[in-house]
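Shared chain: chain A. Partners: chain B in the first complex, chain C in the second.
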Partner chain A sequence: MSFTALLQAIVDGVLTGGVYALMAAGLTLIFGVMDIINIAQGVMVILGAYLSYELSVHVGIGLLPGLLITVPLMFGVGVAIEFCFMRRLRDQDRTQMSILVTYAVAIVIEGILTAIFGVDYQQLQASYVNSSVHLLGFYLPDIYLIGFVLAIALLAGLYYMLYRTKFGRAVRSSLQNRTAADLIGIDVNRVRTLSVGIGVAVTAVGGMVFGATNSFNPNTGYDLISRLLAIVILGGMGSIGGAMAAAVFILVINDVVAVAWSPTWAPLVYFVALVIVLSFRPQGLFGRAAVRAQ
Partner chain B sequence: MTGAVTQTGDVAGAPAAAPRKRALTLGVMLIIAAVFIAFPVVVTDPATTSIAFFALVFMVAASAWNIFSGYSGYLALGHAVFFGTGGYAVAVAARDWHVAGGWPVFALCLFGGLVAGLVAIPVGLVALRTRRHTFVVVTIAIFFIFQLAAYNLGFTGGTSGILLPLPPFSAANFNQPFYYVALVILVLTVLVSWLIRRSRFGLQLLAIRDDEDRALGLGVKTRRLKLTAFVISAIPVGLVGGLYFDFVGQIYPQFAFDPLFDLSIALMAFLGGLGTIVGPLLGALVLESLQQYLTQTFSSDATYLIAYGVLFLAVILVLPRGVVPGVTEWLERRRAKAALSAAHERDAAVPTGGVAGAAQ
Partner chain C sequence: MRVLRKTVTAGLVLGAVTLIAACGGSSSSSSSSSSGGGGGASSSSSSAKSAAPITIGTSLSLSGDFSADGQAFERGYQLWAADQNKAGGLLGHQINLDVLSDSSSPAQVVSNYQKLIGSDKDALVFGPFSSLLTVPAARIAARYGYAFVEGAGGAPSVFGAGLHNVFDVSIPVKNNLVTFAQWVASLPASQRPKTAAYVTVNDPFTQPQLPVAQAILQKAGVKTVLNKVFPEEVTDYTAIAGQVATTHADVVLLGSVDVPTVSAFTHVFIQQHYNPKAFIATAGPDQGAPFVKAVGAGNENGIFVPNGWYGGFKKADSEQMVKEYIAKYGGTASDVNADVAEAYSVGQVLAQAVQATHGFNQSKILSYLKSGVTLNSVQGPVKFDSLGENTAQTTLTFQWQNGNLVQSIPTATAGSTPPLYPKPAWK
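This part shows the complex of A and B:
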């Protein structure tokens, strides 16, 4: 393995890590506000990819402008799921039950996608999917760059929203203490619904980039959610910064292992890293020490 | 029903009714046992008996899963690890040791159970360092490690998998031996589940479910206990894993380590009633039979997935505690209400006399 190949792997890891960070940020936002682990996040990314696919192949709207349609659509999906299922869970053992409920939602979405699109693998096509730029001796595929820039922009937007706006303050306060937030006049239910909507809406972008860089079928969601969960747990559940750091960290290692050893074993890195970290820090790298107070 | 009766018996503690109740329970159990034993003799249609076999396999798996997850409250979503390792242990051993199909392979299932139990020790040691939702996610992560290993290791045969030796049974009676072996495993599993539920060990597990820190404070050796229960619950899953893939005739990674398996047994236990003895059995019997019937009838993955997911959602949202606890509670409430209104009527009858009767 040459030094350039290693550097290239690290750059690739950082670029793809940005997109994973975005998808994981949605997952961790939902957990932070709702105490709900959205197992359906993976299949929702695939749903987002299929929406982009439909728009680009059958309607003729390109991948990037298509986001203007798919992002609000996925936001709606998130709001609907929160309204129909998540808010009906009782407060005790809420997190565990949420895993089952969202798993079931994932199965239903997978079934619907299978019914419509079958199990053949697809990949999104556009002029910028297969081209790349040559920069400082690295070959950077355009789609990686686009995905990275989009992800960074959206994460910055998410950060701004959470820490600089009134709505963000409401989100953070209901994240810290639901009852107190209720008492000072925050409509916690509305905050929760919108947060889930935002957490799911990012999968539209994630799905577009994932679908352009990987081939996918309705079943791919399981592979993806296991990676996203590993990232989120590694970063510490509920910590958006942690999810970002963990995503970049784990994808860099993944790409380096793929180059240095073998691509088939690279995904093992996720889970080995997860198991090792949790053995020493059960709360994750950036998680709070105590288990969340309910 | 043993669980339900023991529970209500403990709670109500009516000593006079106990012997009659016990005789009734025994009678019902004998009838159920007779039905299960006679089933493949009476119904010989292979399509139906294979459904019955699959139902038995999942009854074992759900019941075994319940020993750990139901009693301790730790939701494990990675028991397909043990199903798959049990299956692979049997398949690899049969291939490498040139074991003949049929009864010799059945004997190998014991080996499958043993391997699953051994695998459960390191898995449990790692996963049980965490609690609650982190535990759930860690079990899912470990599950994917095993799936990946099955795809990529040399001895598993990779994507194409391994063929198991064909049993020398005649086509007409092919399912019967599998059915009875599964039935024996089921009886043993339920017996273990029942014994644990009645024992100090079981009570300690329930204490962990209710409040782990307090249980620890009271001197329950929680770590050792959880690990023991985890390993015990893995062994029957490995046993039926071996039997299942012997019946199917081949094993490959996607099938051996199937995320739907993890979810199915959890759903079965939830549907029937988590932490009860009968609940998971009932849930598995109903759901697996239904699922097999649906796949045989529709043969469409998509329809099946949608129906399954919707059913799952309905169960969790309508009966969050499962059928057995739900129905038990409902019966108790009705009984209490009846007793209350009877008492009211008696009170009312004293001053007003015949008026209350006339009003009815």
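This part shows the complex of A and C:
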């Protein structure tokens, strides 16, 4: 193994981490606001990829401009899912039941996508999907750079919304104490609905970048969910910045181990790293209690 | 209002359940393919009209990791059943296919064959997709004494499982890369690659293939610069493919089972401005249009894939099948997945065994298939050795050339087009 290959692996890990942070952001936001573990997140990513595919192939709208349409569409999907399924969950067993409910949602979405698109693999194409920038001896793929910039921008936007706006205060208030939030006039149901909508809307961006870097079909989402869950647990469930840090941390470990040792051991190593971190910080790198108290 | 909401919710849940069932996303969907035979059956003998239909059961990966291949297999089985029904069915019995979905799961495939044979008492069974699922499925069939004819279980793990009821109509996979490796080794020293990279997913279909090719190439002086195995759960190939690119290997041999793996490697190679002189993948490029779409039109040019069959295969029944496929599903001959031919061949071979033994007696069918008789299929001749491997065919290597998948190696074989070498630049 050459030193160049190792450096390339670190660079790849950082850039790919941005893409995974984009996909995990919605998952951590929805958990942070509602205590719901959204097992359907992987399938939502694929739904976002298919929406971009439809606009790109059949309407002729490019991947980046298409986000102006797919993000609001996914927001609508999130609102509908919250209204139809998540709102029905009782507070006392919300987290446990959410796993079953969102799994059912995933199966329904997968079934619809299969009925419409079949199971043939697709991949999003654009001029910047295969191009790259040559910098300091490394080729940096444009699509990953775009994904990384989008991840920084969106996660910063989400952070600002949660911690610097009136809506964000309402979100965190209803999270800390629903009854008290009700008493001071916050419409908790509305806040939760909008939060899930935003969480799913962000996933549209992750879906576009994933679809441009990987072939996908309606079943692909299930391969993603274990890694996305590992990211949000390591980052601290509910922490937006934690998702970014954890995604980069996991992907760099994964890529370096894959290159320096063996791809077969890479998942084991990052899961061991996850266990070690959680042993010392059960709340994850940016723990949930601290997040809610900010 | 609350009652209305509950009603709406119940309706949505009911609708969702119905939709899932309709989509075949569950593990128990079933389909019949007798429609194609309706018209044709009227022209068959009078006994055909009076005999009761028979059911042939199979489990296919209609969802999960192998779903693209599973659905192509389903098309192959259905095309065969429709053709057979048009020709009067099997011994005068019209054929119904009973297809269960196994979600690409070895556990589910066991349940499915227990149902098909133990509960439903289907007259015959066809194999599933992949070597991974064939072994557990064949064990169930063996327990009931059923012959297990399959088209996608060619790994050594299948034939080494101690089963005596498995018959693979396709070529054994272990030597899939031999013709390609021999061709590389035969190149003049000035043109021959100096270095090779070997990367494979840890799948029973792919892993046995690479060491065989590696031995041939090393003997020819082609130095190994990378040899890695990656798990099939990988969702991000950037690091592995990037490492291949940093080696600048002259030839890349990729052990892949699907389109996404080959596509991911291709995109990383392009991004890293790395174009090997030769690039072969064990599966993925054989899937026609989905492969071309995934790598981007033009980038498929020059990529090799080993197989026993392709859409342009010159054989009358193969050409007829391809014609029917295109009429039903559209596309071109290059778009027809080799899985379709593998599945179709399963039906052909089992039908010949039934006709030769004049019935559906499993022990007679087993004896017949083991007798060393040479049978016919759209992929070519089929003759089983004692392990159930098809010894009558040899592997060919195909290459994408200017939008078409063409037979290329061995170069001296009839119908071969000279390989594009070195591989053309990425688009």
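Simple rule for what comes next: the second predicted complex is superposed on the first by the 262 of 294 C-alpha atoms of A that agree within 3 Å, B and C clash if a C-alpha of one lies under 4 Å from a C-alpha of the other, contacts with A are read in each partner's own complex, and residues count from 1 in each chain.
Following the convention adopted for this analysis, contacts are C-beta pairs under 8 Å (C-beta built on N, C-alpha and C of every residue); 3 or more make two chains touch, one makes a residue touch a chain.
Since the model is a prediction, treat every value here as computed from it, not as a measurement.
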item: Touched partner set for A:8, first chain B, second chain C, both or neither; value: second
item: Touching partner for A:195 - first (chain B), second (chain C), both, neither; value: neither
item: Which superposed partner A:229 touches (first chain B, second chain C, both, neither); value: first
item: First (chain B), second (chain C), both or neither touched by A:107; value: both
item: Partner chain in contact with A:139 - chain B first, chain C second, else both or neither; value: second
item: Touched partner set for A:274, first chain B, second chain C, both or neither; value: first
item: More chain A residues in contact [chain B versus chain C]; value: C
item: Chain B/chain C common contact set on chain A; value: 88, 104, 107-108, 110-112, 114-115, 119, 222-223, 226, 264, 267
item: Touching residues on chain A, where the partner in the complex is chain B; value: 37, 85, 88, 90, 95-97, 99-101, 103-108, 110-112, 114-115, 119, 222-223, 226, 229-230, 233, 237, 264-265, 267-268, 270-272, 274-275, 278-279, 282, 284, 291
item: Residue numbers on chain B that touch chain A, as the complex places them; value: 75, 77, 126, 129-134, 136-138, 140-142, 144-145, 148-149, 151-152, 259-260, 263, 266-267, 270, 300-310, 312-313, 316-317, 320
item: Chain A residues within the chain C interface of the complex; value: 1-2, 4-5, 8-9, 12-13, 15-16, 20, 84, 88, 104, 107-108, 110-112, 114-115, 118-123, 125, 129-132, 139, 141, 144, 213-220, 222-224, 226-227, 251, 254-256, 258-259, 262-264, 267
item: Residue ranges of chain C in contact with chain A within the complex; value: 8-9, 12, 16, 19-20, 22-25, 62-65, 67-68, 70-71, 202, 228-231, 233-236, 238-240, 242-243, 246-247, 258-260, 263-264, 267-268, 270-273, 289-290, 293-296, 299, 426
